[in-house]
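We just call them A, B, C and D in the order they show up, numbering each chain from 1.
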Amino acid sequence: MLRGTWYISPTPFTEAGGVDTDSLGRIVAAAASWGVDGITILGVMGEAADLTAAERETVLSTVAAAARDTVPFAVGCSAPSAAVVAGNARRAVEAGAAAVMISAPPLLKDTDQIAAFYRAATADLGVPVIVQDEPAATGVTLPVSALLAALDASGSTVVKLEDPPTPPKIGRLLAQRPGLTVFGGLGGVSAYSELRRGAAGTMTGFAYPEILRAIRLAFEAGDTAAAARINDRFLPYLVFEGQVRVGLAIRKEVLRRRGVLATARTRALNPLPDEATLAELDDVLARVGLTPSIDPFAVTA
Amino acid sequence: MLRGTWYISPTPFTEAGGVDTDSLGRIVAAAASWGVDGITILGVMGEAADLTAAERETVLSTVAAAARDTVPFAVGCSAPSAAVVAGNARRAVEAGAAAVMISAPPLLKDTDQIAAFYRAATADLGVPVIVQDEPAATGVTLPVSALLAALDASGSTVVKLEDPPTPPKIGRLLAQRPGLTVFGGLGGVSAYSELRRGAAGTMTGFAYPEILRAIRLAFEAGDTAAAARINDRFLPYLVFEGQVRVGLAIRKEVLRRRGVLATARTRALNPLPDEATLAELDDVLARVGLTPSIDPFAVTA
Amino acid sequence: MLRGTWYISPTPFTEAGGVDTDSLGRIVAAAASWGVDGITILGVMGEAADLTAAERETVLSTVAAAARDTVPFAVGCSAPSAAVVAGNARRAVEAGAAAVMISAPPLLKDTDQIAAFYRAATADLGVPVIVQDEPAATGVTLPVSALLAALDASGSTVVKLEDPPTPPKIGRLLAQRPGLTVFGGLGGVSAYSELRRGAAGTMTGFAYPEILRAIRLAFEAGDTAAAARINDRFLPYLVFEGQVRVGLAIRKEVLRRRGVLATARTRALNPLPDEATLAELDDVLARVGLTPSIDPFAVTA
Amino acid sequence: MLRGTWYISPTPFTEAGGVDTDSLGRIVAAAASWGVDGITILGVMGEAADLTAAERETVLSTVAAAARDTVPFAVGCSAPSAAVVAGNARRAVEAGAAAVMISAPPLLKDTDQIAAFYRAATADLGVPVIVQDEPAATGVTLPVSALLAALDASGSTVVKLEDPPTPPKIGRLLAQRPGLTVFGGLGGVSAYSELRRGAAGTMTGFAYPEILRAIRLAFEAGDTAAAARINDRFLPYLVFEGQVRVGLAIRKEVLRRRGVLATARTRALNPLPDEATLAELDDVLARVGLTPSIDPFAVTA
């Protein structure tokens, strides 16, 4: 189950700034309709670190209710201390999570401590752990040896990579640990390259997951040329949406246009795309032929 | 009121790992008996980032009840998003906080955004804001210009410095903004130097605040030689306790020996000082003449 | 002159590992044939920090001789101390450089010092200074206010950006300082977006500068649709070559295939692209229709 | 030979800003008179990164001539690329160096590459390699596992630590690799603690090396109380001089007062201690009883 095209959900906000549970329900329904293999909540893209504990619980319980019998969900449980991670993880399991996702503690200096952290954070969980390699959000670069130590300490065989460039790191990981499940990330910018290196799929917040799914299905069917064509056709938008920092607001704006979110609000200091970004968004969507009414199953090259 | 010797409280834990409210009450009583001008909770030394929201509330309400009519308290409210900081700050004010302390958001890249962050985090608070300069915990180094922008944006005139070396930074801050209240920090290692540069006191977690108070009182009374003598006498222990990362466990061990805490537990991965550290602790306390039974008002050089 | 499509040259090495002056001469001739407006040597892509002083001088004097009467050249002069930068810059001017390029000193903590650094590094130079915004290589993120301070301190009106995402930073820079010359960078991955935001061109090491030139010429001629089409057609290769860390070896391999370099050697620890990277290089070049024999003036969408 | 009290030499500058070879000669003579076991040049404190190659050669050849038959010298050879390090190291050996000192390449992200770097940098050297653990200057934190990999790759058994807190890191290193020679650093601020943990001495730029030597000799003679007394007596000055960034100018000013250097100039942007720092220097030297005329062999507690 932990492979394929997983969708990392944003946390939607109302105009007043609170968590928008209606939109959250629509995200789950939309994700299911897009054919994703699972949905991940409360990750970096879900602005988990920017939520209060009450808001975090709202997101979790809303998604758990909406996803039951529909689509498996994983829960980002990262926090500075192993004790808080463990608490987040237990609550996620209780709510029905299929897996938990955990990154290194922010600003960890001594990467030799990574095993102790994951061991303490994940003891007796009962669901799979996804080790998240997230240098931009944590300030911690994990070499392959530390990632393997984190996997071993949490009894995990699943990694989600966000350390660019991801394709060669996938190669190094699989060379040292064949059989590992490695999800690509980074907004799908290197989705096709990641599959070539052995990725089991993508787990990312790209606003058109059906495109990443189509790339993967073509690749898995052996039609690498078709996979590359879909990748290349949509690449201008993948690159545009994949921009660090401003990308989240772009994603939310697109989800708003797709009828999923009520607003494009984020908790960043400059929450909305500016006029120039919106103009370029219109331009790039038109260039690649994406509109809100795109038929999610009609993605071709 | 926001000057003098403020004590940054640790968060005590029971053997089972939860917040130890009994010890927390003793901390407030001890701090009052040590003659501090105020107590700050839920800062970096309070392991605020390692607590759940419920634990955070427990700490806040316990201290608020214990400190009422005894000693003013300030509350660390730092968090990755301005929205969460603002919520923490409102709750702190509601609970009776005399001030709130806020650091830059972790891993902030564009320091030109600091004013927008503090403005959003502190709007309509009703109590003074302490701008905390904390590069080690946040990964963000703020130049003086950014610190001044943060002060202006939050209508604050109070800074707490943790960016070494603090003495020259105090000098640069006061040269550009005379009249500012600047607290020294860093465990008091440079307490005397900070005062020479114009610090209004210290706000730090050093386990013998009465020593920092004695240095300051001597300095303020014009007896700089006495201030220096007290500083120099206790410096071996100030340096020992002030070690990054391992210092917190040392402090908690000393507070345990002083009868304040029930345990020396922390939420760090290696929670207790190892045997070599404990042996050196015994050695250094003996060298400077500190024992648990030290008479807090008998500190002299 | 300091606008348009500037090419950042790599430093070619022989099989034995030394500077390959024959290939260096071919780079200058090729760059001229590609129609670039200038060539920049001894930048990050030129592995300037990895050369000895003697090798640095070899690169400079070889290019100066080859470029005379052919194409203007700029010289990267960055170094940890302003004194060394100033020496590098004086030597560059003496050799005939049209401009010098200078980044912040590595690991600079106090960005308020940026003006003093640029002032000391660039006093009495006699040629324009290009302020290089290079967080990946320096570990220093400069907010717009610091970039403007660096420009003012060096009497410069030219910036080269490498801080992603570059398009919004171009927008912020030009909003605060209209008329500034801003070069995009980052391997041209956002070349079209950068032009939309007001970039004066690109200064980067992309191995097919004629593509970046064609995008710019179409854009400047008012045919933004054509500019976008060229951008989008070659984007799969732009993204592939633009990968951090591994990108340089890819570029050198392509320049080898184009008949410019004798080897693809770099001074990185893993100097050559691995087999999987080479296979993907073949794939992506074929997908976008790029071959070594591409007619440099026949780039169209 | 690689143990005991090694002195890291600054690079002296004339008023005009060039390397001051006369003062450099006096440094060697003074170091010998102070009874140090060796002298290390061109380290971080030697501002090696701020020198031109010609100045580097001047420092090396001057010290080599002065130190012959007097005191062993080690040479800092750190640089961003292994090729340049190797060249520096070969030249150092040729000049008579007893050892070379090498830190990780600046801003190294993937610490799994550390072995490849040291292997390439140190092949066939013929003198011992000192692996320098220098996070402040390199931006790279090396866990113990990476330090051991660097040691193995360079056939070295000698480490110099600058990663605070050094005492517990010494403990972790020796627990995993008994018999290792570990030098403490950080200006000697934790000299006594480092010895307690098993350090073989200190290698640092503290301006009164005879004090560090006296601490070590007492400790090695089994008189730990005397070692602690000397440490504690001089600690106010050790802490004052040990301040990051401003410490170098303080050291040079003290060496000027001791009659060793002609000027206190550095290549930092703010090269001289300001007035407040000088006033505090006078104060702290008086407090601990240090004057330029201190008898180097009369250090007692």
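Throughout what follows, a residue touches a chain if its C-beta (ideal position, glycine included) is under 8 Å from a C-beta of that chain, and two chains touch if they have at least 3 such contacts.
Remember, predicted model here, so these are calculated numbers, not experimental data.
Colleague: Count the C-beta pairs in contact for B-D and for B-C, then report the pair with the higher count.
Modeller: Answer to which pair has more contacts is B-D.
Colleague: Taking all residue numbers at the subunit C/subunit D interface, are over half used by both copies (same) or under half (different)?
Modeller: Shared-number fraction above one half, so same.
Colleague: Calculate how many whole Å lie between the centre of subunit C and the centre of subunit D, each centre taken as the average of the chain's C-alpha atoms.
Modeller: So the centre of subunit C lies 37 Å away from the centre of subunit D.
Colleague: Would you kindly tell me how far, in whole Å, the mean C-alpha position of subunit D lies from that of subunit B?
Modeller: It comes to 33 Å between the two C-alpha centres.
Colleague: Averaging only over C-alpha atoms, locate the centres of subunit B and subunit C and give their separation in whole Å.
Modeller: Centre separation, subunit B to subunit C: 47 Å.
Colleague: Got the subunit A residues that touch at least 2 other chains?
Modeller: Residues 109, 113, 245 of subunit A each touch two or more of the other chains.
Colleague: Sort out for me which residues of subunit C touch subunit D in the complex.
Modeller: Listed in rising order, the residues are 17, 47, 49-54, 79-84, 87, 106-107, 109, 113, 116-117, 120, 137, 139, 245, 267, 269-270.
Colleague: Hey, which residues of subunit A end up touching subunit C in the complex?
Modeller: 164-165, 167-168, 171, 189-190, 193, 196-197, 228, 231-232, 235-236, 239-240, 243-246, 274, 276-277, 280, 283, 287-288
Colleague: In their complex, what parts of subunit A are in touch with subunit D?
Modeller: Residue list for subunit A touching subunit D: 109-113, 135, 141, 143-145.
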